[in-house]
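Pasting a structure here, questions to come.
Note that the chains are named A, B, C and D in the order they appear, and that numbering of residues resets to 1 at the start of each chain.
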Amino acid sequence: MIINVGPQHPSTHGVLHLVITLNGETVKKVEPHLGYIHRSIEKMCESLSYRQFIYVTSRMDYLSSHINNHGCALCVEKGLQIEIPSRSQVIRVLMDELTRLASHLLWWGALAMDLGAFTPFFYAFREREMINELMEDTCGARLTMNYIVPGGVMMDLHPDFQRKVKEFLKLFQSKIHEYDELVTNNIIFQNRTKGVGFISREDAISFGCTGPTGRGSGLSCDIRKLYPYEIYDQLQFDEIIEQGGDSFARYKVRVREMVQSMRIIEQLIDNIPEGDFQAKTKAVLKLPKGDFYTRVETARGELGVYIVSEGGSTPYRIKFRSPGFSNLSALDHMSRGGKIGDLMATMGTLDLVIPDIDR
Amino acid sequence: MISLEGLKTSTQIWLQNNLGEPWAFMAQSVLVGIAAITLFAVLGLALVYMERKVAALMQIRLGPNRVGPMGILQTSADTLKLVMKEGLTPDGADKFLFNLAPFLVMIAAMLILAPIAFAKNFQIWDLSIGVLYVAAISSVTVIGILMAGWSSNNKYSLLGAMRSAAQIVSYELSAGLSILAIVILTGSLRISDIINSQADGWWIIKGHIPVLIAFIVFLIAVTAETNRAPFDLAEAESELTAGFHTEYSGMKFALFFLAEYINIFIGCAIGATLFFGGWMPFHIGNWEAFNHVMDYIPSSIWFFGKTLFLIFVIMWFRWTFPRLRIDQLLNLEWKYLLPISMINLLIVTFMAIMGWHL
Amino acid sequence: MTKDELKIKLETLREGLSFEEGGEWTTLNLEPEGFKNFAAQIKNDSDLQFDYLFCQTAVDWKTHLSMVYHLSSTVFRHELVIKIKLEKSSPVVDTVCDLWRTAEFHEREAYDLMGIEFLGHPDLRRLFMTPDHEGFPLRKDYEDPINMIKL
Amino acid sequence: MFLKEYFKTIYQTIRSLLTGMRLTGYYFTHKKEIITEQYPEARPVIAERFKGEVIMVHNEANEHKCTGCTACELACPNGTIKIVTKNEINAEGKKKKAIDTFVYRLELCTMCNLCVVACPTDAIIMSNNFEHSVFDRREFTKVLNNPGSKIMEGVE
């Protein structure tokens, strides 16, 4: 039996279209059909200047839009060979980690909803809302911030930022046990995710699975640790690696990563150096001829930005290596032989964001 | 004091005096029919409202609060919307079965209403095999669901219907076995006998451990039989969009929706009758004054209070737990609930033979 | 392995490799012929172990096309960039999706948007566009008067 | 041994389920935890930096600071802004470029703030207004300079 899951389906979280072949309830084959929201961002960027194209990248992985912007800005800075002030570096990292936290929170709620529990979604949104408000205070937007620009950040931090972040951390720490009580320790949840959607370390490398998907299979792939950018090499945090390779391992990686993000924020929030938030840059940015590649760790995995420059004010060719795209390619491998319910659990723990896949 | 019993008796007497025996019976039947349908509508609306409020409060929300005071009229407005919507029938569907299915589900739900004692001496039909009747009719619902799933000509619907059939058929067993435990203790299938046997204390608080186990098994089985989360695999909106009623719209969908809530009500009413003594007030041994105060509360309030409490517990389940997978669902039944309830039944029988329960 | 060591090691695998100077990582220019063998070599060589293909893309240079492979090793953490020059009229290259399975999707994307054909790919179909779409959107000479908005 | 495992599973299951129910039960009974905002009645608190739409600042004398340099038009990635200039003859008889209309198309705007950053005279800013819905999309095309407004003295 062949079933079309999507493009409109409650658990694909977007317009992903999966054609699944079933034998009874058992999944035989999963074939993703993409392109429902392909906007050809790569082509669009070819006609935008190096300042302008960053805003488009917010629309790729809209849950970690900030980190997308970060990757692009880093790539442009690498081409221009400019140093950015330490204050803006700290601000960028702070915002990155807040974004990661918000993204993982949303994922946590959405995963529980995929598995049929609605209530966690609202608890997750309560905390995420506070992060969004923090973002709104400083960046002026909640989701597509366009806050990071080549050379630094667009605006200085809001005066209340530090106080509010501390308030948030305090509240978040007092709430984090609820996540364990409601979902992690729940026996139904564990049965639904343990041993489901297994992918071995070798397959994870071969499929290019990164982020929590790769780390859940025991693959060390945290760009923040392996190829530190900004000030990540000066920070104390652990790369979370679980050996399970199943949905529960991926779940645990993300939940434990939230704690690590909190650790990073705690280290930085009292140590924001004074100074400029933006380096002096020319009005029109022109990258030298050549190609530049940067990688950053988004909430979903490794985002690669590949810019080919011909020396003009616009990129000649730009390619985003998005984490969701590679992770999705492993979905078929992971979900074969499972039940339909397992497919939803696997998809939930892969944390697919469809605009990130379609670009 | 107005009680449902008094209302019933005075209506009966009035009708018999004015119309004569055969016509009075006819009039009574019509009145009962109207009362049942009204009860359905009111219950459906009230339970949907209750579900939404319970869900909202557990999810740190307010819930419906715009239409009418506290949003009480919200569900009525929703029903009105559904009534006015077009009832679509898909092209490839088996039209007759497709349109019949919601009514079948509804009628099955209505039939179970007959032996339920809503208050003292207030019962449509106190038949001698009351409990057996309930157990038998409640599995008719599955035919309606299968019919809906099959005739929709939709793969989601078919999968949902098949899941639902497997689920209801298996959970019927442990529900039946846990009901049997009480039947053995009481020694009668008649609902009124079962209630009267609890005059000196409800089964659940008499302190028999097997009864407690039977109650837990029964609660799980009822949750599963009514296709409620965490056993809502037949609908499983994240997997099968809406399961067996994917293709339904308008009033036909509303009937399915209503039937779900009526089934919960009936399941919980049976649970309240068997384990919580139906309309029997709460009595504590020799505390005469306390018992009198309890007696003063109308029996219908006792019944509805207990039923609503059980419904609340089932709603609580729904808004806390994730959904099970289909094989885990069947594992739970065949590996855990069925063996437990069988051994439990054995113990209860032994208890009844030895007379320990009295 | 540093860049220079990597160069020397690669030279032992095949004679007369042309390296591109500059750039962050060792960059290698290759011809499509014999690429598949070379790819298998660098993946399976115990000193190289390029087991992770983290980016695969194509660039349209108007006169010709080129495939760009970004490879990395999860054991030694060294990177290699391979660029393959392809003809504009008939861009054909061997698939690598039996070596790195992530390439399956990336090659479908490159086929869809750039029109590069991969020999031996198990399921070479359009990924984003509809199957009957004409033209390859990411090529520089692609024109779509309806959907492309020029500012 | 098997039976011990069996009952242990049952015990753990019930325990984990009851912990979850305790949490939802807690929220059910504690109404102060409710976070719903009743939007149209209770106005939301909008951050002062919130990017709602681009507006042009006018002072009491109906003067703005826009010189018509089109820096914002060039900075905009979407073609949201269109500046139509005209030549004005000032008091000394010299010809001077000034804006005629500053056309802003809200439906294209992504609130990226690049135009505000690009503006050399701070003539345009982002306002906090977020209630943009209208019945006709033509209303999204706005002219930002007030009718009859002039450029402020001393702004070059």
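Quick note on the criterion: a contact is a pair of C-beta atoms (placed from the backbone, for glycine too) under 8 Å apart; a residue touches a chain by one contact, two chains touch by 3 or more.
As the structure is a computational prediction, the values presented were derived from the model and not from experiment.
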By mean C-alpha coordinates, which chain is most distant from chain A? B
Could you compare the number of C-beta pairs in contact for A-C with that for B-D and name the larger? A-C
Quick check: how many Å separate the C-alpha centres of chain A and chain D? 24
Express in whole angstrom the distance between the two chain centres, defined as the mean CA positions of chain B and chain D. 51
On a C-alpha centroid basis, what's the spacing between chain B and chain C, in Å? 63
Multi-chain contacts in chain D, i.e. residues touching at least two other chains, fall at 17, 20, 23-24, 35
List, in ascending order, every residue of chain B touching at least 2 other chains. 58-61, 319-321
Mind pulling the residue numbers of chain A that touch at least two other chains? 119, 126, 182, 186, 188
Which of the residues in chain B end up touching chain A in this complex? 55, 58-61, 155-156, 159, 229-230, 232, 236-241, 319-328
For the chain D and chain A complex, residues of the former touching the latter: 12-13, 16-17, 19-20, 22-24, 35, 47, 49-51, 75-77, 110-114, 117, 126
For the chain A and chain D complex, residues of the former touching the latter: 48, 51-53, 55-56, 119, 126, 129, 133, 136-141, 144, 146, 149, 154-155, 158, 178, 181-182, 185-188
What residues on chain A touch chain B, complex-wise? 1, 3, 9-11, 25, 112-119, 121-123, 126, 182-183, 186, 188-189, 191-192, 339-342, 344
Touching chain D in the complex: which residues of chain B? 54, 57-62, 316-317, 319-321, 336
